[in-house]
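Chain lettering (A, B, C and D) follows the sequence in which the chains are written, and residue indices restart at 1 in each chain.
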Amino acid sequence: MMVERPLDILAVALAIYGGAALLSLILPRRLLGIVYPACILAAILACAADLSVLAGQADFKAQLPIGLPSVGLRFRLDGLAAFFGFIVNLGIAASSLYGIGIGKADLSKRIEPFYPAFCAAMNTVLLADDAFGFLFFWELMSLSSWALVVARHEEAECRKAGYVYLIMAAMGTAALLFAFGGMAGAAGGYGFDAIRAHKLTPLISALVLVAALFGTGSKAGIMPLHAWLPLAHPAAPSHVSALMSGVMTKVAVYAIIRIVFDLLADPPWWWSLPFIILGAATAVGGLLYAVQDRDLKRVLAYSTIENIGIIFAGLGLAIAFKATGIVAAAAVAMAAALLHSLNHSWFKSLLFLGAGAVLHATGRRDLDGLGGLIQRMPKTAFFWLIGALSISALPPLNGFVSEWLLFQAVLAGPGFPEPILRFLSPVLGAMLALAAGLAAACFVRAFGTVFLGRPRSKDAAEAHEVPFVQTLAIGLLAVLCILGGLFGGFSAYAIGPLLKTLAGTELTGLLNGPTKLSLIAFDPERSIYDAPTIALFVTLSSITTMLFVHLVSNRRTRRAPAWDCGFPDASPATQYTASSFSQPLRRVYKGVVLGAVESLDMPPPGDLRPGHFSVRFYDYAWRNLYAAPAEALLAVATRFNAFQFLTIRRYLVLMFCTLIALLIVTAVWM
Amino acid sequence: MTHGYDVAHFLAGTMLVASFTLLYQDRIFAVLNTFAAQAMALALAVAWQGYVQHHPDLFITAAMAFGLKGIVIPLALNRMVVRLGIHRDVDQAVNVAMAMFLGLGLTSLALLLVLKVTPGAASFTREGLALALAIILLGFLMMITRRNAVTQIVGFMSIENGLILAATGARGMPLVVEVSVAFSVLIALFVFAVFVFRIRERFDSVDIESLDRVRGERR
Amino acid sequence: MNEAVYAVAGIPVISGLLLALIPGYRITAIGNVIASGLTFMASLTFLAMPPIVENYVILDSLNTFFIVLNTLVGFTTSAFSASYIGHEIKTGHLTPLFVRFYHALFQGMMASMNIALLANNIGVMWVGLELATLMTVIMVGIYRTPNALEAAWKYFILGIVGISLAFFGTILVYLAGQSVLGEGLPAMTWSRLLSSAPQLDAGLLNLAFIFLLVGYGTKVGLAPLHAWLPDAHAEGPTPISAVLSGLLLNVALFALLRFKMLMAAHPGALKPGPIMIAIGLLSLIFAAFMLYRRRDIKRLFAYSSIEHMGLITFAFGMGGPLANFAGLLHMVMHSLTKSAIFFAVGHVAQAKGTQRLADIRGLSVSHPALAAGLALGVVAISGLPPFGAFMSEFLILTTTFAREPLLALAAAFGLLVAFGALLLRLQGVLFGTPAGADHKVNASSLPLIVHLTLVLAAGLYLPAALIAWFQRAAELLG
Amino acid sequence: MASQIQSFMAQGAQMFLVLAVAPAAAGITRKVKARLTRRQGPPVIQVYRDLLKLIRKDSVLAGNASWFFRSAPYVIFALTWVATALVPTFASGLMFNWAADVVALVALIGAARVLLALAAMDVGTSFGGIGSSREMMIASLAEPATLLVVLTTALTAGTTRLPEVAQFLISQPLEIRVSFALAFVALSMVALAENARIPVDNPATHLELTMVHEAMVLEYSGRHLAMIEAAAHLKLVLYISLIICLFLPFGMAPLEGEPIVWMIGLGAYLAKVCFSAVALGVWEVSIAKMRVFRVSEFLGSAFVFSFLAILLAFLSREVLR
């Protein structure tokens, strides 16, 4: 068992995670809080190890004599694993920091023991270097997160969420089993190196593609497999939701990258089609649901789906470019996918932790019951605003960096030899543009209804700021979002070696732009985006304007009741609610892609009862791909159930028929 | 040697005929008598095998077949039928013609199957095997075409007759006697069980359908 | 001939007779545990023993481990039943007289199963299996409630018909062997038959295999022949359910495997693969669907046993070293896990005073330890890591997909449907606010812990010797 | 070095030029509209007066207006200003316009819009809600359309940097490209929508049920309102300059041009702006405002045009430059 140092550090980190999990099983309830500092420590160690590998780009292997006979349990830490390990552990650190702030009363044997286990599982998935180990830890990851989802088991919807989640996870694992089975072949070379060596027939490789897409897509929330995600992610405690949405989905992204770009070294160009099509559809579809939903955490979950769609689309472009030999563009697309995974993990964790803070402060998640929190919890509001702006892909924040790269990649589309791809890339561009617009709408709505305006409920009016560590956790993430936005060029440069291994080349244009920090997709003549300069510009000009205005004006400000076109002190109920905000969009998209039923009960003139307007949403995917099959299954089960109630004679008849059937078969056969 | 086989075949054939008769008898007493006849034929066949193969211990089996299945059990069942007052019941689940057709089909299937067996594969010739198989299948058929426990017992016993026939036919097969004893014990259990259910008056008739009254999950 | 073999076969017989004589259920319970423990000790020596091949006894790579497993589960189950039966007598479900029978029969059952496993003579193997069946029939009916009697009756009738068919199969095998090996003992000695398999008559073998498949398949509980299994599990005492699922099914399948080896060794004989695959898949999917409408917790897990037997049969039907290895592994994992589940279920049923799923709620609040045990058991049986069944199902599905994607799809479908049902019921039992009765029950969780630990350990690490045995057996299974 | 200084000057000049031109453009439009409707109309200079007046007046804030409400106007103004300053108008040799290519430019405008929509919701009045909800609906269609248009031209020019695009177009022989025609139409429609012009919105009314932009800024007053108004004017100029730069950049001075060339460029630019302002005025009086929910169809068609444009561009082009 030979190991170099980074793996040692990771082993220590894993040991801490595992130790925390085991310890928390025996600790008394009020001491359970210690798992969070432990997790932070482990996460920091792991991050250090991953960064050192990212910088060095050497890969380290280890093998334990356990696991599958004759294969053993193999670990490998290479650039890809390190990059995603960095994402994972940073997310863990933030969520754990938030977790420190959890009150003693909220600690429970149903959460704290599983939290470190979940963290450990996510790390080990990235490290696994054989099919068995990979799926082993993959399933452990699902299992531990399931336990966290059903932590609040008294609530029926949490139970339902957990149920659907674990079933989908099991289906995904089955699909991945198939993928690896196909790749390993009947002889069963389950080590990743053996899989790399093993060449596939076109049919098998097509099956593998489908299986892998299903397996990873169902975990990441690709439409139409996504319907479990808006149930499960919000059901968990907020700091766990942050992990599931911000980090666990990235593990799925890692899996598909590992399979497509590493294990099946050079995929054919048409492999990119499902990625691009599904990715684009998911990006827009996810937002359409996000912009309609009335539950804050569900909105975030749907927006996770959207971002996963963007990442998958980026991967699709990367595959296409790589397969058609346009490596420079492949590198750009790959960089977009990778950086978006990184950025999304940051702002999505931020937003979920912020939502957790809101939930903790007001006890409610429904947008229509919140409002005006910017007064009661200014820090959270400020950080959440930054998160919302970054996820809406606005410069100079980090969300825009990956978005920009992706558009650059799309613009390289005309280079495709295949007409289909030439046609698809502008479609993808349009979809991404649409997604960008909708994202802005979605988060204006979310931030506006939750933090701005006047409180729509007593809970919201009596909200209070959350403990310092929690705001600290959210704030640090906000800082990351800003830095990530300003120094996108640097991060693109940092993942250069990784891009070389995955896409074939790094972003060559970097560093020879006007400033060292400008982000350059191909070459300076073609495209530059320089966040620091823009930021500088904007700040300078806003400050100068402010100074100028204050110079000229008489700086006097009076407070008065809102004018509101002459309607004095209208009640908060007159504000636009989240559902009324999304009504125009609903009008635009209803029916086609969005299941929404509006019902209006307007009393006739003279009738004094109040009118009622209500909207119901349903997810098409849920109806057709989840509910319908489940009903069919139960119907079949009911049919079969008759076999429980036959008479003994009839059972004998069954037996007799079996015997005769088999006898006839043999009679025909031999 | 050959006429030894002829005799064996004659007896086996008689048993097969008896099975068919069992299949279309719908009066219980007639069923019992036919069964007794089949059992006697079996006893003779077994005894003959013992004589041909110079396996004296087969005579034990023969004696048991004769005594137990030829006389004791039919009488016991007779009394049971009388006590249960089911001697007029007609208990076919499928009508006789159907049953006969099925029986013919099964017999031909048995022959067809055994024809595949290479000749002389075993000292016990293919015809004997075919007959035994046919008797077994017919017994099974009888079990599933009759509703009433007594006739089911009879059906099972004729399966078992077929087995004993096959077993004794197979030259020098060890444990035959022990197995036949074991089977007799089984049958005794079977009969006893029916009696038990009757005596406990938990099931008002021995119709198996009613045994299923408290079934599975009907709570 | 080795005295350890005598011990494994003899200890249960003798102790069974003794237990029948001793009054007082406490002593008999302890005696039961001791006897099973001794048998287990004796069987442990097999692990360090060279293969034995004699006229009546065989000890080879296939059965060595299963005997050890058999005695081990017998031992743990006896320990569990000691605490279980105590509660049953307190609540008056059983009278001491019946408990005396019970313990005697328990030992007798173990004895006959060990004999069936050890037998080199196909006739003796048959006798062992049938004795085991009859004894379990009586055990199932021991509560003498209408349901129990009805279950026992169903089990009895289907069982004896199965017996007869299996016996006819045995006769046919003998006939096949007789023409090559001559009359008498050799033609019924499995090892001799195997060594001279290629000369045997293919037609007879095929015919024989069909009858054996239907006959022993009834014991295994394969789909159209399964009818006895759920009721027998649900109505009998829980230790018996554990033994039925954990051992009897295995032993029956083991007998079937012996004959499959015979078929595999004969080039001319029909390949049993397709038939086993078909029946296996049928059982798997059928049982999976049956799981949904269950209202009785023990019947639920009985159907899950059918499902897993189906999967195992499917694996052996696929054949090939990996699939066979996986099948053997899954047999072991299933018997350990399923008996563990029944231990948990038994205590749950006693604690809640009912077996109705609808009446068991919020167990994780009222009985955390039991709930954890049950949850771990279900996780393990559903083939989730870190438990052993994950490895076997991983191997089965991956290898099948590489060879026959559609079959793999069907198998996975069945497994997922079953998982859906089990998880649904598990969540129903564990979560929510507790409801219904809450009796005091002094559960001995040791057997449960032992089983789960073993399964967990197997999931992480398989001892080299076990792997070697299974790989050799897998070779022979073709 | 000399070019450095020159381009720096260009940049500075540009910043103040747009600032100076913006209100005038609005004023011209207003004047044209007035004249066409047989009214005298305010002088063009009036817009400047209004702005100064607003700045001087003291600002009245709603009781529950937060820090965000107060700081938003300045940021919005700054964002729009920077964005406008980065579009090459009279010369392509601006010092910093490499800092943001078209994609970034569109995003900057988007940022300003998002902040405005948020600010509108801060006070918590029904009209603020109406305004921002409609604004975001419009934006969700307008922004992608804009992106697609700029991408179309960028695709043809093989670069996303505006100066290069402009230079490329100048260097090309004059020819009508179908994709460009579509893109032009689309961008014009978007420009109307984005600048709250008829038929999408009417800047001149407070007709409650139809207003969008005005509804958002209802609560603003004094210097804050001045900032917002200025930003609106800038935005108009920004879109005009963008259209000019993308579709008719003729006369634009190259990086190392003689002062005389620059003068020509400046003149050309001003002429073009005036022309567009007049055109806008004419357009506004010659068409009626449409219902708010027809807007989606209007912009939807804009989106479709731009999509067709980029599709054609993709399929016609063989390989990248």
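Simple rule for what comes next: a residue touches a chain if its C-beta (ideal position, glycine included) is under 8 Å from a C-beta of that chain, and two chains touch if they have at least 3 such contacts.
For clarity, every value in this text was computed on a predicted model and none was experimentally measured.
Undergrad: For the chain pair with the highest number of C-beta contact pairs, give its two chain identifiers.
TA: The largest set of C-beta contacts joins the chains A-D.
Undergrad: How many angstrom lie between the CA centroids of subunit B and subunit C, rounded to a whole number?
TA: Computed value for the inter-centroid distance: 31 Å.
Undergrad: Averaged over CA atoms, how far is the centre of subunit A from the centre of subunit B? Could you give it in whole Å?
TA: Roughly 69 Å separates the two chain centres.
Undergrad: Could you tell me the distance, in whole angstrom, between the mean C-alpha positions of subunit B and subunit D?
TA: 100
Undergrad: Give, as an integer number of Å, the spacing between the C-alpha centres of subunit D and subunit A.
TA: 35
Undergrad: Residues of subunit C that touch two or more other chains: which are they?
TA: Answer for subunit C, listing residues that touch two or more other chains: 153, 157, 161, 202-203, 206-207, 230.
Undergrad: Scan subunit B for residues touching two or more other chains and write them down.
TA: Within subunit B, residues 113, 116, 140, 143, 152, 211-212, 215-217 contact more than one other chain.
Undergrad: Would you give the residues of subunit A that are in contact with at least 2 other chains, written as numbers and ranges?
TA: Those would be 644, 646, 648, 652, 659, 663, 666, 670.
Undergrad: Let me know each pair of chains that touch one another.
TA: Chain pairs that touch: A-B, A-C, A-D, B-C.
Undergrad: What does subunit C use to touch subunit A in their complex?
TA: 153-154, 157-158, 161-162, 165, 202-203, 206-207, 210-211, 213-214, 218, 224-225, 227-228, 230, 270, 275, 286, 289-293, 320, 322, 364, 368, 379, 382, 384-386, 390-391, 394-395, 397-403, 405, 408-409, 412, 415-417, 419-421, 423-424, 427, 430-433, 460-462, 467
Undergrad: For the complex, which residues does subunit B have touching subunit A?
TA: Result: residues 93, 106, 109, 112-113, 116, 137, 140-141, 143-144, 147, 152, 208-209, 211-212, 215-218 of subunit B touch subunit A.
Undergrad: So in the complex, the part of subunit C that touches subunit B is made up of which residues?
TA: 121, 123-124, 127, 130, 134, 146-147, 149-150, 153, 156-157, 160-161, 163-164, 167-168, 171-172, 174-176, 178-179, 183-185, 187-188, 201-204, 206-207, 230-231, 294-296, 299, 356
Undergrad: What residues on subunit D touch subunit A, complex-wise?
TA: Subunit D residues touching subunit A: 52, 55-64, 66-68, 74-75, 77-79, 81-82, 85, 96, 98-101, 103-104, 107-108, 110-111, 113-114, 117-118, 121-130, 132-134, 136-137, 139-145, 147-148, 151, 154-155, 158-161, 164, 206, 208, 218-219, 222-223, 226-227, 292-293, 296, 300, 303, 307, 310-311, 313-315, 317-320.
Undergrad: Quick check on the complex: what are the subunit A residues that touch subunit D?
TA: Where subunit A meets subunit D, its residues are 371-372, 374-375, 378, 385, 389, 392-395, 400, 403-404, 407-408, 410-415, 422-423, 425-427, 429-430, 433-434, 436-438, 440-441, 443-445, 447-449, 452-454, 513-514, 518, 524-530, 533-534, 537-539, 541-542, 545-546, 549, 552-565, 567, 570, 572, 574-576, 580-585, 587-588.
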